[in-house]
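The two complexes that follow have chain A in common; it is paired with chain B in the first and with chain C in the second.
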Partner chain A sequence: MGKKVLVVDDDPDVRLFSQAVLEENGFTPVMAKNGEEGEEMIRKDPPELIILDVLMPRESGIRLYRNIKTNKKFKNIPIVILSGIAEKSFLRSQKVLTEFGGDPVPDPEAYLEKPVDGEELADTIKKILG
Partner chain B sequence: MPTKLLLIDDEQTSTSLLALSLKSDGYEVLTADNGRQGLEIFDREGPDIVITDIRMPGMDGIEVLQKIKERPHYAEVIIVTGHGDIDNAIDSLKYGASDFINKPVRADTLSVALKRAQNKLDIQRKLDDYTKNLEQEVETVTHELRMQSKFMEKLIKTSEEGIVATDRIFTVVIYNPAAEHILGYPAEEVLYRKKAKDLFSLDLMRQYQAKRHDDQRRKKLEHFETHVRNRDGEMVPVRFTGVFLYEKGRIMGSVAFLQDLTEIKRLEKEVLMSERLATVGQTVAGMAHGVKNILHGFKGGSYLMEVGFKNNDTEKLKSGWQMIQKNIAHTSDLVMDLLTYSKDRDVAYVPCDPNDIAAEVCEAFADSASEHNIRVRATLDPAIGSVAMDKTSIHTVLMNLVSNAIDACIFDDVPGKSYAVTVNTHLKKDHVIRFEVADNGTGMDKKVQDKMFTSFFSTKGHKGTGLGLLVTRKLIEDHGGSIAVFSEAGKGTTFIIELPFEELIKEAHT
Partner chain C sequence: MNNTTDKKPTLRKMMFVTQFEELGFGALQSLLVLRSAGLEHVILMNVIERDRVAMHRGLGYDKDEERRLREQANIRFIDWAENLFEKGLEVGDYIVVGNVVSDTLEAAAAEDADLIVIGQRKRKMIEFFYSGDDIIELLRRSCRPVLIYKELESNSCYDACLADNPFCRTLLAVDWSPASLLAVEYLKTMKSVVQDVSVIHVASPKELKGTSSLNIQQLRKEKRGQLTKICDELEAEDIPCRPHLYVGEPVPEILRAAREFNASMIVMGSSGTSVWRERWIGSTPRTIVEKSPYPALIIPQAKEAADQTQ
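And now, the complex of A and B:
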């Protein structure tokens, strides 16, 4: 069994794509279709890596990212953001949230802006997980 | 100024005596001893009263009288006659003498005659003055009238508004250059040759005439925007005001004012177009997100297919192919929406049955909706038959709204709740059909309702183009209709669309 990777995305096609990439490269994918569901799964059985979308109905990726990165138990799980939102916009949103009285959060381990090739996604994950 | 007398008599002795006596009475006296000389002095001196003997060698007194009366200078003439000369005396009165006295001339008789002549003279002078004043007044008034009419004429000629006025039988009698410009007919083709109905459409005339009764009270039509057909057959947008002119309750004519709206309409269109382009521009940023997702979908689809081919995995091939197809559809939706929204499209009225369109749309969604346990049904007003409307627009509008309604139900996803989407049609008065698209899905809160008609706003995440309602509203507005929405979060949403239609023109069978 390969390392467990959690994919959080509301778009079933994106999940399917990431799932295929992960399977092809020897990882064990698990799926969540929104932030709420993702957080629950992380708490139950933390994965080795999270692939996270930013814009989702019911708890966005922005919130989930902060919750994970400020949680002592989970903050070391690497997160790869995979989103149509530009990296700049995501980082700005985190900066604003920090200014509004939140704990500072580190930048994500990798940021991939859609569209992304399967190979690129696989390489990124492999690089992080060694 | 003393009264000037002229005495004409061939008998010098009586003349000089008389002259002396008259001078002492305060008259200015001139004398002549024959008719010819008398007339010479008359012409030169212009006396007020002439006293002439009737019997004189050469020109006699009657002739002198006649000649004096032909002259422009007015004078009273007293004729002096001999005894038994009564016939001549009466003749002299006929020729306009003021009096006659007998010879020998007695002072008292003469004084009476002179007084009478003086009176006549005064009256005549007053009459002259009066006539002269009257003539002057008439001239002044005439001048003023002419000025006024010139003023009115100029006013009408230079008016920016087209003015077409008719007499009581609707023959055009006033037709100014602005009207010429709008309607295209030169004035010489219209004035006294055309009737109002030759220039304005039957429809417009009907409106004109329908208001006629009311006009007797109000005497005025409100202006309204309409079109007139010019000489080349083009429809010119105008603001039209029609007034019937009454005098003592009888119609004396009509006047129509036309304001050319071509330029205003063009500007309005330009503003609308630039707003639309601006919206499209604005939305390119919003669109980028949608496009990125689509491209990612294509990459995902092709990745799945590659894996499928490599591993001979038909399941992967199938889902990859589906993903590509879905994104092709999505691309096409986005591009078509953008085109519809940014392009100026003429409304194409074609014969169609709105009920059929509604039923067709429901039918098209029934299967996919039932997979999510959503019922789609149509309640159709049987009073609606075949009419002329833009079929394609209605189809697109209903497709968009029904698809939204189904999404609202899918998105709500409360276990055990039974979802339904209904399309109702209803024939309203004044050639309007109302379509209602209702769902009991997730509904919209105030924030979403405020934003729903803005570009690239979507609550559907990866599914929406963010243009659907924008396109829907544009199609409805192009069709002269309206769209309203009633929604409550958690309860559902109802869209109400009202669209005007035209009757089908029944073609006569020959």
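And now, the complex of A and C:
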């Protein structure tokens, strides 16, 4: 069994694509279709890496990212953001939330803009997980 | 959604339903004043109507067209979401193929939205005849407040507030129904954005017939007293408020009052009218929504505990 990677994305095409890439590269993919579902899965059985979309129903990636990175138990799980939302907007939103009294959070381990090349995604994960 | 009688209404999550041509980013931006009333989360929703991608003779379901429309909506939502994220708001989106009313209600229930915002599209007579009006149907079935957003034309400098804050000068129409009393509670949650409220009740001319002038004066005094009580409640929340009693047909009188007080929005309770009567005869909220140039915020009755998603 390869290292477990959680993909949190509401787009079924992206989930399918990521699953194929992860399996091809020897990882064990698990899927969640929104932030709420993803958070529940992380709490039940933490993965070794998370691929996270930003704009999703129920709970966005912005909120889930904060929840993970400010949680003692989960904050060291690396996160790759895979989104159509610009990196600058993501980072600015985290900064604003910190300014509004939230805990400061580090930048994500990697930020990939959709659509991503399968090879680029696999290389990014391999580089982070070693 | 906090819409039951024992809970105070809140305004944390807003669902913004758009087909883009009737409701754009400008409208969304003007509603961000609600942040000071507790707004934290915006749900963007676009419903691609089934007949745009299906039922074409000889073609069947047009998957490519669906993909194109989805991506078109996605591109806009990403742009809007970036802007909202940067302001520290939580944002989610739904792009679905289906029916505007059912899918909106379903998503609003899943998200537990506190407010649904929708624009009014111009429909052809034939569309109206076959499918009715989506907004009227939404109002009938929603257990959540619905804001029918309309761009008000501001033609003078007195209305600098209109462009920035559609809630600034509110006309609250009351008939003392449970829904209209809930509307009072709802306005209290918006005290940080509502700058001024005019509370109006339209008395029927029938109530004035065949009675002496003393009786008419008594009626006026009673109604005015009831309106003043509502004003006292709102003023206790630091919302400046004035009572007004009008006599006549409700819809034209409410619209007249909205003009006279330079209202930025009309707020009222939903109708308790039966479905049959609502469809064929109409109701005051329905006619206000259809005819008024003003944005209208319609508060449902508390007894409607759940959205009728089917």
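Note that in this section the second predicted complex is superposed on the first by the 130 of 130 C-alpha atoms of A that agree within 3 Å, B and C clash if a C-alpha of one lies under 4 Å from a C-alpha of the other, contacts with A are read in each partner's own complex, and residues count from 1 in each chain.
Assume a contact is a pair of C-beta atoms (placed from the backbone, for glycine too) under 8 Å apart; a residue touches a chain by one contact, two chains touch by 3 or more.
Note that the structure is predicted; figures quoted are calculated from it, not measured.
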Partners on chain A (chain B, chain C) - clash or fit: clash
First (chain B), second (chain C), both or neither touched by A:V14: first
Contacts of A:I125 with chain B and chain C, given as first, second, both or neither: neither
Partner chain(s) touched by A:E24 [first = chain B, second = chain C, both, neither]: first
Chain B versus chain C as contact partner of A:L6, first or second or both or neither: neither
Partner chain(s) touched by A:E113 [first = chain B, second = chain C, both, neither]: first
Chain B versus chain C as contact partner of A:M56, first or second or both or neither: both
Which of chain B and chain C A:S93 touches, first, second, both or neither: second
Footprint overlap on chain A, comparing chain B with chain C: 55-57, 84-85
Chain A - residues contacting chain C, complex: 34, 54-60, 62-63, 84-86, 89-90, 92-93, 96-97, 99-100
Partner chain B, residues of chain A touching it in the complex: 10-11, 13-14, 16-17, 20-21, 24, 55-57, 84-85, 113-118
Chain C residues within the chain A interface of the complex: 43, 74, 77-78, 81-83, 85-88, 90-94, 107, 110-111
Chain A-touching residues of chain B, taken from the complex the two chains share: 288-290, 292-293, 295-301, 303-304, 306-307, 316, 319, 323, 326-327, 411, 459, 461-462
